[in-house]
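Same chain, two partners: chain A is paired with chain B first, then with chain C.
Showing the complex of A and B:
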């Protein structure tokens, strides 16, 4: 199908341009930042290290070269598939990211999916019973969560379920003191529960509120009134006629929040010591670890960009009137 | 099954589950779980700086410090410095093996020092000329100039096997230390077990798990009975879980303000930022602040009692001189200011020749302890007529003003090298070392003699003289280059069944240092 081929080719071309742009801007920003990577690396050792040693460290990382040379060296290595060396972790960037991404992918993916499904359902229910107790409970829940520090919720869960009740483990992706190869699937799932719950309940509120607002619009539209006049209940209308229409904002919010997964990753790492890329991202930034920072920035760009493409394609599935291949804009939702 | 039967079954199961761990508690435990932080991002490679705080654990060092910081031989059985102070000759212990069973010889020691010097890590060996193994048991290290603080590396640099060392070593360390690595899941936990080839005193704890949890989660882990040793910040030190005791380690983890010593005469540092401060350049102001501080009140209010007053950069370490301290006396502080010509102005702030005794004190805004100290300092100086404005900033912002504005820094180390870096005139303005441009020819002279001493112990009197030699020094009694305020206690919650014995005076850095004496820990419950 030439139309679809053109769509994909165009998207890929734009993605390539975007990645190059992100790389250049991220590199420039990292170089302009006042963070001195050598000082950041030394930390408390700073009073024992003299100027000669500092020069040696800078030379080891190639920081003694002009900025343009550094960027070109990075670019040419990248062309041969080498993402460079992370000074912070003293390991190849690919290894740093690989060992962390694999561990947290399940957690992030599941949390993202659950918050989407549950958030959407709650939004539909709240709108259907607008003004009732059910709506109020869901709205209070959503508003409270949207304005609560995520860190605090996670600690509360930990104190409640892990310390007071002892149902869930206090930390990590595997039992304390057990070798990675001895860990069973059940144990992995057991350690996944609390971080998953914490991350899921946090992602729900945005989607629930967006869905609710859209659904209320739909339920007050002409075609909903017409269906009601024919004897359909409010729930019937919501499920049979509204859900598909209301899915559009939910899809948008859900896929736009892909970038926020890193935020969730930081939370899981800080509170539950669950492995992830969050702390690596922070370390790369505050310690001026440019190769790692660039790789993460480009990876995030790729994920978010792909997510948006998927969202665009899903629009067409949710609403057949939208033909993205033809480049048609979204039309007003009507009967 | 009826509801009641179901409930009974559930209760019975949970009772059984609760019983199982307590049954295993009856015998002396040989496994511990420690949540004391300190995960090194770049792995366990001494060549790059692993083990500079506390013990390298996987590797062993030439010398070691006992709990009272006295020196004991470790890998080295004899060590001597030549008369010109340029050549160390070190005899290596016989029969030592790495955790993989291969022998450790003088070659490995020479390799470790040579490799470290050129590796570009956090270990500064730039004063070393060469390290050579002259036979199986002897290493000769040549220095470029007399530099007694080089021995710091004998205590801190873990020896790596020359044959095994290479890329990836940091994540699979092999050494001759008391433990060997079993598994490290980054960001989660490190599991180690006793090294069967270890030549020294074995700890009764054969397997350790280090949890790399945050402070709150570590405390939660202790409350849930999952961790045995937890490091806690002073602010949480009163939240001790049931079944634990509090172990408080004295420290030289200090906080104080550095005074710009020069007048601001338009001079600029390498970054183009101003040097000097007209108010703090006056010795009367610096001495009055040292006299007027109520350090005990700082400890009580800001550290909730979990600290000690600080008078110098290395309180109670063998190279510090308590005679340099001044006794706190507000009246004396005021008299000193009066005599120096600082007369109280209309608003209570003193003035001398049109110059108000007012300046900012900068602290890193991310650190609540330093913020508290800066605010308290400002309050305590008001009655003296010195107006201090506490200001929070980022480390980058601090970088721009640290040569012209007093900054609240924190230091603390097991090496007198740090004292040297803070007060030696040649280090003025280089990075954060001697940020105040402290300069005193007598102090520099004592430093030079200390660095040329025949041994570390023999150098102690010279370091002490640099602090106060009866006439001058860097201490509050002398030129008062700093106003040291407090030393932070390091607080640990330790399961009541564990006796950790005497702890060392710990350096800057809370957590890992407690493992330095792990071979003396005991399980004391029946």
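Showing the complex of A and C:
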């Protein structure tokens, strides 16, 4: 269908523009940072290398070229799939990210799903029984956790469940000293629980509060009142009209929160020494591993903006009032 | 026999004042009204007179901070909140004001199905839905449409169709002709008259006095939350409304189509 094709093409075009913009800014930031790639590469060996040799390495890497030339060279390498070499892990950036994504995807994907499903359910329950004890408990939970930093929650969980109770492991994604192929699924899950809980808790409160506010609006709407006039019970109104109408905004928030999920995972993975993308980001930042840092920045941009695009498209598919052909502003239409 | 009556119905809203004080803001006071089977009673009033509030009170749809006193009776039985809730949709049906009372994300067909289940109808089929729409001159294709694609007149007829699903004894129509052209308005009033002729009681809430007088048997005039007059519709039509109470007569003669005749008589 041409309308759909144009919609998708327009989105992809915008995505490409965004990626180029992020590439420029990220590259400029890396260039302006005090991190010197040669020093970072050499590490402790810096003492053995003289200024002439350093200049040689810099020339070999093209660091003596103008910044614009360097940028274009980097961009064309990116386009051909070459993300460079990670000095931190002494491996190609693509391999580093590949191995980390698997660990992070499980953590972030599950945390994302839980915060969506549990957050939405809590929001629906709180709004349905607005003012009741159920609503109060959920609200207090959501407000307290929405104002709590992830790393602090992570440390508390670690102190409680790993140190004091000893139920969960203290670190990592698998028992120390085992080869990757020897680790069982149960062991993986066991190591995943605490980071997952730490990461989910935050997302849940945000989705729950948002859903609750949206649901309350809907339950006060004309069509909810009319449903009651037709003899509908409170649960009937909440599920048929409330949850259905609140689902789209909740999904939008869920997709839009992908960026925060990345931010949260960096902190949570750091506290639990979980070998995912988040801890790789910190390591890359601390050691001045520019290629890895830039690649992660680009990857995150791609995922977050794809998430937003999906949210917008879902609106277009699920809300009958939106006509893509008419180019209606997608987010301004609410129930 | 009286089908439905309210006696000294008073509605106020409780608001907080300052830190601990509460104040009741009166909206309807001492409203007494009844309707018998086969009768159309119009409740007329300007905006803010409390017309819609009366409809919501009669259906038990007021928000939690509303304080309701007085009595509401249905077939002689005094209704409490739980009893009203049990009668809603089944014996007492509401025809709401506007298209915004339909869920924007569900097709007309689904909403008819939900309403039928809420009215206690078991085994409601697509054929039943088509039949319900057909009574109001709508074809089956409307079932697949979303509310925002309906015209004002069609939406009103869909709302009428939903109201009849539970075969109610009393129909309360809240501004059923708001925003309709005269042809469509006449049609809607015709359907409401038809309900009464079929033995139901009908309460029409309207701010259109001439339409209310034309279609109703009796007209109750609300002003600032209080009933100032309940007149036979015929009284309006006789002799320029000479037999009316002063406020009703003033309203009637203020209408564009009567002001001139009023002047001519004088």
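Here is the rule we use: the second predicted complex is superposed on the first by the 274 of 335 C-alpha atoms of A that agree within 3 Å, B and C clash if a C-alpha of one lies under 4 Å from a C-alpha of the other, contacts with A are read in each partner's own complex, and residues count from 1 in each chain.
As a working rule, contacts are C-beta pairs under 8 Å (C-beta built on N, C-alpha and C of every residue); 3 or more make two chains touch, one makes a residue touch a chain.
These numbers were taken from a predicted model, which means no experiment stands behind them.
Judged by the touch definition given at the top, the superposed model places A:236 against chain C, while chain B stays out of reach. Ranking chain B and chain C by residues of chain A touched puts B first.
After overlaying the two complexes on the shared chain, residue contacts for A:221 are found with chain C alone; chain B is out of touch. Applying the stated contact rule after C-alpha superposition, one finds that A:34 touches chain B and leaves chain C untouched.
Within the superposed three-chain model, A:245 lies in touch with chain C and out of touch with chain B [touch as defined at top]. Judged by the touch definition given at the top, the superposed model places A:88 against chain B, while chain C stays out of reach. Within the superposed three-chain model, A:173 lies in touch with chain B and out of touch with chain C [touch as defined at top]. Those residues of chain A lying in contact with chain C across their complex are 221-223, 225-232, 236, 240-241, 244-245, 318-321, 335.
Contact residues of chain A toward chain B in the complex are 34-35, 39, 41-54, 56-57, 59-61, 87-91, 99-100, 155, 158-159, 162-163, 166, 169-174, 176-177, 179-180, 269-276, 279, 283. The touching residues of chain C, counted against chain A in their complex, run 56, 59, 61, 85-86, 88-90, 93-94, 96-98, 100-106, 114-115, 118-120, 146, 148, 162, 166.
Across the interface of their complex, chain A is touched by residues 31, 33, 41-43, 45, 48-49, 52-53, 118-126, 152, 170-171, 182-183, 185-189, 191, 207, 209, 211-214, 216-217, 220-221, 223-224, 226-227, 396, 399, 411, 413, 415, 417-418, 421-422, 430-433, 508-509 of chain B.
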